[in-house]
Amino acid sequence: MTVVLETIGLYRRFGGLTAASDVSLRLERGARHALIGPNGAGKTTLINLLTGVLRPTAGRILLDGADITRLRPDQRVCRGLVRTFQINQLFSELTPLMTVGLAVSRRLGLDRQLWRRIGSRGAVIDESVAVLERFDLIGVMNQPTAALPYGRQRLLEIAAAIACAPRVLLLDEPAAGVPEAERDGILAGVAALPQDVTVLLIEHDMDLVFRFAERISVLVNGAVLVEGTAAEIAADDRVREVYLGRSDHG
Amino acid sequence: MTPAESAAAALAAAARWRPAEYLFWALALASWFLLPDRHLLLNEAFIFGLFAVSLDLILGYGGIVSLGHAAFFGFGAYVAGLLAKAGFGEPVLALLAAGAASMVLGFATSFLVLRGSDLTRIMVTLSVSLVLFELANRMTSLTGGADGLQGIVMAPVLGRFEFDIFGHVAYGYTLAVVFVLFLAARRVVYSPFGWSVRAVKGNALRTAALGIPVTFRLVGIYALAACYAGIAGALLAETTEFVSLDVLTLQRSAEVLLMLVIGGTGYLYGGLIGALAFKVMQDWLAELTPQYWQFWIGFLLVLLVVVGRERVFAAPQALLRMARR
Amino acid sequence: MLTNLFDGVAYGMLLFVLACGLSVTLGVMNFINLAHGSFAMAGGYVAAYLVNRLGVPFLAALPLAFLASAALGLVLERTLYIHVYRKSHLDQVLFSIGLVFMSVAAVDFVAGSQQRFVGVPDFLEARFEVLGVSMGAYRLLIIGICGVLAVAMQVVLARTRFGSRLRAAVDDPLVARGLGINVDAIFMITFAVGSGLAGLGGALGAEILGLDPSFPLKFMVYFLIVVTVGGSSSIIGPFLASILLGIADVAGKYYLPDAGAFVIYSVMIVVLLLRPQGLLAPRVAR
């Protein structure tokens, strides 16, 4: 199986604090991989390093074999490395249709256009509507994002990422803050992803993790403690120690 | 309607011309015929309106606070004036040249402007305009220094319409230019490029996460705004046949900011409406207190902010919102 | 050449005293106060009035100028600024520019637009020769006073309870409030002191910088440069930036008289290109 995303000896230091320590990950195409660890373990830092929001102190990142360590965040997205944010990062005044439409326009290479009105091309509309339908956002697609309930906003957060047609998708706690009832909608949206899309999921909700992941990496204090299949991790004593008494932390 | 049809309809509706817009331009055109003794005032109002619209592009749409937008206004004015003095007096060509030159200046300075925080941006934009002011002040042989650039003689517009002292041709010319440029700006603002600029203002992090290069978009809108401001300055130089150092001062940058704030940011017409309101007010107040006009501008600014822009303009903006439907 | 250096340092320290209030306001309250120069101008005119009209001795007029500007700052802070703290940077810019315009026009109306001079006592007109460097007594006084002030500010910030409360309020106003620190009072005092220092600087600098109603506009750029280049998170930053700028300006005007203000702007642009967050801030680590 081909390795799609790989980090080699990734380090990130903030002064005296080492947020990422010698992290070497390998994700194969189509992997359903979860990253777990206690609060402050450096999971979001790792996502920020992967997406280019943070520059590593040392180490390299390879996407499809190409070194992307020096690329800007938007360049990485254009190569198929897409993320969602733990805290919604949306456009409060734009509608879901506009948000997804913008993502699709970019994907089709149309975002630099100065002249034609956005949405004048059928392809953009069709694709945007398809994505919105997958996440049950058609009903609210013309309302400003700020007016939507939190659960819907979270769905939009993920829909926007999906609209970028990712090859590798990094989900940063997609279910965070979402009421129990709506979590299934999120999981369904993620499960419906094509098989060849590689997904890295960060989550605290162990239920979600074990329903989704085939392989799991455990991050503690910036370093990978252990990595293995879901069954191996569930049985690992070290992991249990780290999570003592916290098997279902939401 | 299928979802696709309703989506297409929604996006089309956002960009469609509102009745109020037709009304605005109809009134503008009518004013040329019906208010001949106001042409000089209206000419200035629309010139500054264009200047304010250019500021709206970077402030209202791009979220860049600039305190030195007069740099491009003044630069365009001097370019047009100097071209005329050098013998290239055809107004439209000089206009295009001024716009192109300002766009290049805008592009060149954009890289300075887009680094750092709000404060650094304010600093850098202010400094660029001050540097230009210093340059203009010192190169007296070229610019006339503090006396201003005089002796500009414009050829007839398109070879046919000669400028008259009453401002009839000037106003018509300005109105035509502003209308054309406004149409273009309106298209840009509703294009994917325009929306991506708005997205950057809304959430730059998310915009980058969608794969859109944030800095390039801002550079693009900044250069476009510089071009428009330069053309506005050129219009002033051509229709008044004079360029003074005033065009490069902090005063000018602050005034255009105030005009835009009065009219409202983010919907393009704010610049035009604000400039009209400002010029009318200035005309009226200048008769009452010719010397201390500056005090009242300052007072208005302070009042505006302390009371809160939303509250002061609540009524007019509600009206405008209804008109925009 | 050393004389130029000396003059540059004096000029720089004057700039520091004038600008540090702005730096503090920005760092503490995240407020862009472009009207800072108006407080300096107020101090200058108060000093001019006291010395020229009322015959108050120069050295006594200085602290009075400080108090007058501090009082003005206090009043304006409580009545106007307090409504603008939480507004956007754009609103702050509009507001402070409005104040500048009002102050410039008001002073023009009251005092006329000609240059004012503050009567400097004779003993300050003297010049000394030290190690071949010609130093003016006036500039020595400036260096002395400003030096003492800079040290005092550093001591207050680093060694006193007020200083530690101020630093806490800067770090995290919410937490500071939770700890029982009266953040509003701290802001108020800081703003008043900053304005007072500007007034002192205006009075002290009238001889060198010139005093007329356009002072706030002319020097706004310099203050902003000091704050942008020096950053707003310490005393050292603006101090170094001011000295650098002072020397650059004086040297520029001497060696490249045609370049004039370009030297300052160029220095600023170069610094900002290399360090967008200012001289002393850690390099932007993305």
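We just call them A, B and C in the order they show up, numbering each chain from 1.
One rule holds for everything that comes next: a contact is a pair of C-beta atoms (placed from the backbone, for glycine too) under 8 Å apart; a residue touches a chain by one contact, two chains touch by 3 or more.
It should be emphasised that the depicted structure is a prediction, and the values quoted were computed from it without experimental measurement.
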{"item": "Middle chain, criterion being Cα centroid separation", "value": "B"}
{"item": "Chain whose Cα centroid lies at the greatest distance from that of subunit C", "value": "A"}
{"item": "Inter-centroid spacing, subunit B versus subunit A (mean Cα positions, whole Å)", "value": "42"}
{"item": "Approximate Å spacing (C-alpha centroids) for the pair subunit A, subunit C", "value": "48"}
{"item": "Subunit B and subunit C: spacing of chain centres that average the CA atoms, whole Å", "value": "34"}
{"item": "Where subunit B touches two or more other chains, by residue", "value": "none"}
{"item": "Subunit C residues counted as touching two or more neighbouring chains", "value": "none"}
{"item": "Numbers and ranges of subunit A residues touching at least 2 other chains", "value": "53"}
{"item": "Subunit B-facing residues of subunit A, complex", "value": "51, 53, 72-75, 77-78, 82-83, 85, 89-95, 97-98, 101-103, 105-107, 110-120, 122, 125-126, 128-129, 132-133, 138, 141-142, 160-161, 164"}
{"item": "Touching residues (chain side subunit B, partner subunit A) in the complex", "value": "3-4, 7-8, 10-12, 15, 187-188, 190-196, 198-199, 202-203, 205-214"}
{"item": "Residue ranges of subunit C touching subunit B (in the complex, touch as defined)", "value": "26, 32, 80, 83-84, 87, 89-95, 97-106, 108-109, 217, 220-221, 224-225, 227-228, 258, 260-262, 265, 268-269, 272-273, 276-277"}
{"item": "Interfacial residue positions of subunit B with respect to subunit C in the complex", "value": "59, 65, 67, 112, 115-120, 122-124, 126-127, 130-131, 134, 138, 250, 254, 257-258, 261, 291-292, 294-295, 297-306, 309"}
